[in-house]
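Chains here go by letter, A, B and C, matching the order in which they are written, and residues are numbered from 1 within each.
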Amino acid sequence: MLQYIARRIFGTIPVIILISLLVFMLVQLAPGDPADLLLSDEATPEDIAAARERWGLNQSVYVQYWKFLTAALQGDLGTSFRYADPVLLMIGDRLPATIELAFFAIIIAIVFGIPLGVWAGARPNSWVDNVGSFFGFFGISMPSFWFGIMLILVVSGFLNLLPSAGRSTYGIADDPITGFYILDSLLYWNWKAVLDGLSFIILPAIALGTNMLGILMRVTRSSVLEVMHEDLVRTARAKGLSERKVLWRHAFRNALIPIITVVGLELGTLLSGSIIVETVFSWPGSGSLLIEAINSRDYPLITGTVLAYTLMFVIINLTIDIVYAAIDPRIRFEK
Amino acid sequence: MRKISIRVSTTAIAVSALLTGAAIVSPVSAQKRVAIGATETISSHNPHGDSISMGYGIWCQVYGCLGYFDFASGSYKGMLAERWEVDAKDPNVWTFFLRKGLKRHNDGKELTSADVVHSFWRMKNDKQSRQTQNVKHVAKAEAVDKYTVRVTTKKPTAPLLEFLFDRVMITGKDLYDKHGPRDADRKFPLGWGPYKLKQIVIGQRIVLEKDETNPWATAGMPNELIFRVMREAEQRVTALLNNEIQIAQFIPPHLAGRISNASGADLVPTSSVELMFLAMSPKFKPWDNPVLRKAVCHAINRDGIIKAILKDQAQRLDAPIGPGQYGYDPKAAAAMKIDFNVAKAKEMIEKAGLKGTKVALSTPVGRYVNDKQVTESMIPMLKAIGLDATLKTPEWPTLWANVQKGKVPFYYMGRGGVVDPSPAFAQYFETGGSPRIGFSSAKVDSLLQKERATFDPEARKKIINEAFAEIVKEQPACFMWRHKLLYGISKKVAYTPTPTGRIWGSDIVVK
Amino acid sequence: MKTLQPWLKPKIVVGGVFVLMLCFMGVFAPLISPYDPNAQDLLKTLQPPGWWGSEHFLGTDHVGRDILSRIFFGARISLVIAVTVVLISGVVGVALGAVSGYFAGRVDFGIQKLVEVVWAFPPLLLAIAIVAFFGQGLGILMIALIVQRWIPYCRVARGQALSLRTRDFVDAARSLGASDPRIIWFHILPNLLQAALVIGTFAMASAIISEASLSFLGLGVPPEIPTWGSMLADGRTYISTSWWLALFPGLCIFFTVLGINMLGDGMRDIFDPRLKRSGSGMG
């Protein structure tokens, strides 16, 4: 097992280098020029030429990539054109906000999606199934940008319950420790700040998690439905276990593989989806950072952010494969 | 539009000093906090690291700048500079006289000419500077004495103050020398403006706190000014109506009703200094034919669009610029007006044998007020005069890169920050200004050059209008309108927005 | 009549009616639309739905186009996009996933590296790059959507195939001398289809929604082609003042998802013998 993990980790290094190369080429080849976009409308061609020179854009792509790669291996991802800050620092600032948001979105999706799916799968075509499925379809067919605005209009606007934008109120929290606002506030025992953080995160987390909730509900339902007819469930039932125990201990446990696969996949989608939700809610995370970077063709920042995302995806995939092995010993990794 | 507190007559200073004194003595409501929902934000701690309008405003209130354009009087007013003059013999030499006795936040260091010279130098040489264009006309800046700075331009530049006033942030030379640029910006953001910088969370908010001892700080203005990033229009409206924010920037026309119908907030329009136009590059076929360009200008029902899509929140442009902008002349503008005349346009197209010509209009999406909707509605108008028109909506960076390289024949675009039209028109219509429109006319070139070298305002305005008339004759662009920018203002504060989009704390009065 | 009976379940009937209606709308759009979907009328912008007997049944949009006609024409494009994207990405994804999981080892390693590289790319960046290079167009949009969409199928199929390859019935087939392609085709693939079907049914919705997100960024189909996604993206601007712009295309997407899923569910009940045997006892 350990050997397997080590090999997997080793195997991701070429993937990351390959992606860095691809991103680097892609952003450079895509139309649009950071100097055009970042300088003011009044900038002269000379200003633009000077900026290009300063940012090293007049060198060939290969030279630029080589410089980037050698610096990156020493832990330097370059300096953002737009924000004039080291990329690594910026990602360190923004990524926790996205992870925090994604975490709450997943919690919402799991807490509602899985029980709904299990109940629906245990009793197909019952009213539980129908109501649950309705919510599931609702989640699946709801674009997050649209749902987000509806939440702002209804919950913050009409009901006036929660704030509409941002991550925190100014002047409540202490200096950050980890960058995770709610966790930091907990560490300080600052309950006011915890509540403040929660009030800001609820709406974007719902907007982000609803789609995953729907998908999770449908997948859980179908997996449980399938497992309910396998021998082990019948055996368990025959042994006289209560229906509830049969459901959660046997059926659900055996339906976990597809569920975990989907959670893993959706984590990736979730991180990408955060780009839109963060924009709608002005959430200062790495998703909105990436979109700003793309919109200003901030090459170092795009590359850095994409690499950070890549690293997360890779870690997620690895974790999921390990979880597979842990819950289903039938999977063998060597032929 | 009144800029009461940043007015720089000696009496005003005395008055505001008095008011400030009063504010310290009397226990005024301790926390007067005004939050602003903004669409754009500063992206850097470096005061020279942005070139957005709102950013200039924020930094000028923190660090201070030499002066600003006052829309109420249509003239420039000094801030850190008490007065200024152009050398009578050599129009390249400008002298700025700094106000004496200005004390910096926290450490109380006095403003000197060394700081101003340093700021010019830093804007030009800082690797992160995004304001080099503002000092491009400056050949050198030198300290004459402790409070006098002499600026020498490369060529006589009549609109120099447009570049040097509220776009040049004056930062402390001593802090830069001692701490280096990074720490100076982050740890010692001290200046001579009425507000201290309290917090920047890039992408989320900027918090300013009033410096009570500052000569421009008045009792009425908010103690805390929070600029919050809110990119969605619905969000700004919602937050305003919830009193989460007190000032909401840029309300799109179709949401105006939500604010004007609400009891807690008012809708305040301001004219903008952004010109919206359709560019038609004569470099490309079929746009090299002036008949086509003119026919297109006749074909667009500007009043209809303003009414139906912009909900009357725009001012039609008859001339290249409109009221309030430098050099606007109503009489000259009336002569340049192009009427909406489908029959005429159709006839022009038919006579020129252009019927069925394919044209593709490119538009940004979501960059200007209802840009896509506006251009969508132009397509049937172009079809009505016999053109085979389609709409293209490329992603902004792609479109902008191609426009800047002169690769887009026909596009809808805006040019912001046009207070004095000189830089914008040189950029778009002078040969070698930029490849954006690809227009070149010896006559326009000579007029624009002459205008820049003319220092007498009346004579200069006349030449500007001659240049406009020449441009309108050739029609490389149809000038459409200037959007009225709508602000939502809570009834708890009094504020009149300015056309430049800068928000001055000194203009806000908390009720 | 007896053979028809299993087909008359409410799920199949309702789902089938939805799907048929949508197909009908799409196919006959030019005949049933009251207006040209691109005809504008600036004097009649943002008119609320007038229902029966009025000029505009579902109202008009921001440039005065008839929403009902745009919904009909939009059904065409949106369904074409959804079906094409789901079919192509499903086939590619399941095939690669089955091969990857069945062979495991080096083959799996290689395919999963490909998956990691493609999947780790933020989709938006990839879409921007594709559209920026090749220009706006329906085909380009579908390619931009497919490029990453085969991955969920591939991952799920692989996960299941990994588990299946060690099951007794696969071992049995192998010991009987069945070739690898044969085992994959007859023993692995049938067991992957269920999960693929589930993914496919919600991937239809996500294809339509992604098209909306791309339209919103100006990267969707050219603006003169009406799609539900672009209608939704345009209507979002007017959400608090003119709800009908975004509501109707939104409802269409919802009912499409609902219809396809109900139909999928119902069909599975019929075709899956295991469910048929014991399912009745559960209902």
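Here, contacts are C-beta pairs under 8 Å (C-beta built on N, C-alpha and C of every residue); 3 or more make two chains touch, one makes a residue touch a chain.
Because the structure is a prediction, the values reported are computed rather than measured.
*Asks:* Between A-C and B-C, name the chain pair that shares the greater number of C-beta pairs in contact.
*Replies:* Looking at A-C and B-C side by side, A-C shows more C-beta contacts.
*Asks:* Which chain has its C-alpha centre closest to the mean of all protein C-alpha atoms shown?
*Replies:* Chain nearest the overall C-alpha centroid, as shown: A.
*Asks:* Taking the mean of the C-alpha atoms as each chain's centre, how many Å separate subunit A from subunit B?
*Replies:* Centres of subunit A and subunit B (C-alpha means) sit 38 Å apart.
*Asks:* Roughly how many whole angstrom separate the Cα centroids of subunit A and subunit C?
*Replies:* Chain centres of subunit A and subunit C, defined by C-alpha means, are spaced 22 Å apart.
*Asks:* Just the number, please: Cα centre separation of subunit B and subunit C in whole Å.
*Replies:* For subunit B versus subunit C, the centre distance works out to 46 Å.
*Asks:* Can you list the subunit C residues in contact with two or more other chains?
*Replies:* Those would be 128, 132, 216, 239-240.
*Asks:* Which positions in subunit B are in touch with at least two other chains?
*Replies:* Touching at least two other chains: 234, 237, 396, 398.
*Asks:* Could you pull out the residues of subunit A that touch at least 2 other chains?
*Replies:* Correct list: 30-32, 149, 153, 157, 294.
*Asks:* Using the touch definition up top, name the residues of subunit C that touch subunit B in the complex.
*Replies:* Interface residues on the subunit C side: 38-40, 42-43, 45-46, 62-64, 128, 131-132, 136, 216-219, 222-224, 234, 237-242.
*Asks:* Would you pull the subunit A residues touching subunit C in the complex into a rising list?
*Replies:* That would be residues 11-12, 14-15, 18-19, 22-23, 26-27, 29-32, 122-126, 133, 137-138, 140-143, 145-146, 149-150, 153, 157, 211, 214-215, 218-219, 222, 225-226, 228-229, 257-258, 261-262, 264-265, 268, 272, 275-276, 290-291, 294, 302, 305-306, 309-310, 313-314, 317, 324, 328, 330-335 of subunit A.
*Asks:* Could you pull out which subunit A residues touch subunit B in their complex?
*Replies:* The contact residues of subunit A facing subunit B are 30-33, 36-47, 50-51, 54, 82-85, 93-94, 149, 152-153, 156-157, 160, 163-168, 170, 279-282, 284, 288-289, 292, 294-297.
*Asks:* Under the touch definition given earlier, write down the residues of subunit B that touch subunit C in their complex.
*Replies:* Listed in rising order, the residues are 233-234, 237, 252, 254-255, 257-258, 301, 304-305, 307-309, 364-366, 370, 372-373, 376-377, 379-380, 390-396, 398.
*Asks:* Under the definition above, what is the set of subunit B residues touching subunit A in their complex?
*Replies:* Interface residues on the subunit B side: 37, 43-46, 49, 51, 127-128, 130-134, 136, 199, 201-205, 207, 226, 228-232, 234-235, 237-239, 241-242, 244, 396-398, 400-402, 404, 415-417, 423-424, 427, 434.
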